[in-house]
């Protein structure tokens, strides 16, 4: 079988680098096109990214020599890529939103990590373990916008991936949740490179990440939303409040979660069993990036920990621990996921794999 | 004026070291006696603590040559100390509790950092800015137990000092609080030395501190309690739930706080004004360790931060920031205090200074 | 082909854990026996190591249920292991030395990470890329000591693995080195768990590691030694002076090296070519742990860096960079290797693989 | 006595911030003027530095409201400052060099931290403990350049302050040094803010600092130089080779030093005595920033350490330890100094205090 040719937009940034690393040796997809800002354009990838490659694996050999194109030049991608991953970070969100839609108009399926199109009504915000059914929005999107083959699919913010799948698993079994109070301890890779200055992260934490709390609180409502009349109608039945902090960890966002159910609460044993038994569409469809165990529960009282648990299931699992009674609400637990894999490039690839299996590529 | 002679029990540990450092050049008190475990006993202090002195200031010259005594030998302290600070950490809490009471029985006022006597009914758990009136328990304690001059006063756990004074300030002005959801990001010095292994604190956080959450949730009720019939009756009107985590910070505990008032909520401006105007007994009594501003509010959106704010007001202030609306409850804010000063030795000294000014020493 | 059954002595410590992790799915060897101190003995491995497993991969499934034996009970290993890896850390070196030799006497080939037998005259100290020929000492060792099938082979200290292979590569091509001035920046995993306290590694470095400098300076002489009359005669022609420091890095020892050649110095280009072309016995013998490129040279001026380069070639390579003229001697460069893989368990496995291919197991 | 009015050029950067902090409450000097780049000009200082103030003490009250001027506008400083500290960091060194000399021409004594004028022949590069006599160059400088009251004095790079005073102390007592091999482990504050990205400093070190090694190796020759014919003639009798690395430490540069004497070597006891007895001109002149003990020697084998020793003597001392025999040369030791105080703003203030006492201001 010939592999599909992939383009990566924003290929020189942190998320773009992760796409290239994770797609090395992918069985269905092959990176064939890389694009970035005008100042990187015209250089071989290895040269364009010199001094900024920040991963603990080297630049994939096949990518080193690819000529970087200007991401704003959609024509250059024609005939070179069958679909694209967008890790674009243009000066304004409106520009990013418009450029992603323009790629779609030109016939490219776009799988985006950007927040620009997350609230576009006919764009699905996907976590395949939760709302794979939202892919049906693509048909409306194409119709609304006169797209032939192209479309835009987005993934949500990395901060919520550490708790949203465990919550979904409970709701799926009939245990409706009505309240979440969340504090996140987020890794520095989430801010890109150079990102957070080391003077802020040696003997320090920063209890603030610009724009992060509102995403953490609002995006679940769209993921849990219902598709009706070609739109996603957000489900706002879970009230969420959050504090997002930055800690000196390379990769892995930790979420400390306090929760309250709408009705009677399940027992701790039931919750753990539901998490461990959770069946996911990605696994059933045999997506290559699907975690064998989408939700892992660890009994040891001091886990999950970023360095020790973030890489579980090729960094695509959510690891939970410390489920315990709450003296005020129902339960508390700690969730963890790898922010640049599960929460960024790996999640984007999973979205593309889902579309591939559903014959949308 | 002659200075009072101070004994420090548990003088070789982290809290004990901080007592010695902070008492250097104290205007009213002078360290005259140091005691620790039998294996340190009989050595000059500098020798007993060799390789374990962990502060960024050197051992005070006057203390270096003091002979370390066995803390279990109360007789040795007689005639050498007018009162003692207890940073004891005996194998069991019962032993610590008993030894502190035994010192009191032998005539020593004891100011303790240990958790052993925190729930002893006739022992006040003091934060002078909040419940200085609880000192009246000492009279009952003496009567109940037949103590002549001695007594025991304790301070609460370090984890709650980052938010409890700001909450008290609001309540004092009539804004009763009914709910607190708290996540702490605590410094490694809180675990003593050697304490937390570096393998747990490089590229990592640990979302668990043994026994810390229950203290964080329960101790405020005693601090806010009412004295009646020679006992402190806890005030359980504030419901508290917490998650306590360890982060790679040397000193300074951060608390992320979500709160709900019992009745109508004050405006943000009112809250900030109340905090900034907060008058404290320690300051009015001109205690030397009293912070000029007990509660500091910083407007910058990414503060407080441990490294930049923990030392404010000689490390005795609580610094707040990020007061913002909550989409679920009333407000959220971040509080910070220095755990080994405000939350440990400095807090203990403030307690002793209060007793001194009240003629209890 | 049936796999050889491996025993790991000292299986619960940091090096032991790495052996278990690295041997998972090994094509020739299978962990069949684990032993540790008496207090771990009698428990399933997962229970014995609970709270101390520190790797970023979970405990291998096959090992979890193995019953931990008392390492001092050699008889227990009989019939269960074909050879053993020793990561023993008994109270004295003499005890470790004696126990390793006792295992050998009882018929077990022993591949040791301990320093106890490094200076035993008939015990080879092996880095297969450098002195695989020293394996011939085994025959003398068996004869001297009346061993039938057993023997002891050791590996050198982790601190020297970051520069010794590059030096060997140059010497092999006729460029004799006469002086090395070395400063190491060593990772905390080298001290085991709990190891270095976090209070020493947050906003700090420690310019001292007990016993490390003497090993760094002396062990190369044995590795470069000549076998004569059944002994290894150290080659002391390279003068080495070192300073060993501890830095807040999880894995990966960095060595800053200043060097002087005995005669005319090769050009920088020649040195880099020699390193890149270096052929190693492990690779030619197709040992599974042999790095494809034993020495990697990176051109970027700010490399090698521990987090980015330690995992190269499955963490078995030495990565060099910053080769530059020296205003006083000939050249300076920076070398890096993974201390718990290349410098510990991976190196031990490579030694065993070499013995296996030479039909010594 | 009226205080002299001080201007700080480059006041918003890291070094500038340290000047403002350290000059708060200075007995002879008072900050009266702050200047920075055009984009800060015209704002009150507190506003210009918002989000960039990085010290663990707050902005001095008196400075908050000072209007920031454009540093290139020398006329603005007239009548407002009696002399200036330059922490300028213009796009090119030539621009900085020219601007500093232009300030001098306009009558301002300039005490600079920049490297721009370090090799200007008639500009003294001062460490008052070592070469206070070089102040005599000022007279030649004024004459050569037609300056009336103004002049330029510079301080050397921060990296060499951790070992150069101890070396000077030995030479002063007749023990000529001929070789130094140095590896530095430098703090992140040396790179300013934002400076080193946290992704390079969590679980990592960087064995490279651009331009640092050449300064470390060359600048001592000017400091140790002789004044002749109105110029400083460098003394190149000490051969120096260095490797400069960056480590995750906030403040405090550590230097690992290997040294060889020209003639017979003194004993260890002699060296330690020389260091401890070292008399310095700053102390004899009672300069307020003079350390009581310019060189501290610590006996504990694992010291000096940045966090524990950098603040000694108000962060103006050099702390040494680990003096030990060298198997190749004569001795090895570890030196430490506070890079933003001793190595930057504090050193600059000491230079100005020296000039003040010598009636040059």
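In this document, chain identifiers A, B, C and D correspond to the written order of the chains, with residue numbering beginning at 1 in each.
Everything that follows uses one rule, which is that a residue touches a chain if its C-beta (ideal position, glycine included) is under 8 Å from a C-beta of that chain, and two chains touch if they have at least 3 such contacts.
Quick caveat: nothing in here was measured; it's all calculated off a predicted structure.
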item	value
Comparison of A-D and A-C by number of C-beta pairs in contact, larger one	A-D
Maximum centroid distance from chain B, chain identifier (CA atoms)	C
Whole-Å gap between the CA centroids of chain A and chain B	43
Centroid spacing, where centroids are CA-atom means, of chain A and chain D in whole angstrom	48
Interchain centroid distance [CA atoms averaged], chain A/chain C, Å	40
Chain B: positions in contact with at least two other chains	54, 200, 202-203, 248-250, 302, 307-308
For the chain C and chain D complex, residues of the former touching the latter	179, 181, 183, 185, 200, 202-208, 210, 217, 239-241, 243, 245, 247-250, 254, 256, 258, 301-308, 321-322, 326-329, 332, 334
In the complex, chain B residues that touch chain C	54, 188-189, 193-203, 248-250
Complex contacts: residues of chain A adjacent to chain C	50-51, 54-58, 202-203, 250, 300, 302, 307-308, 310-312
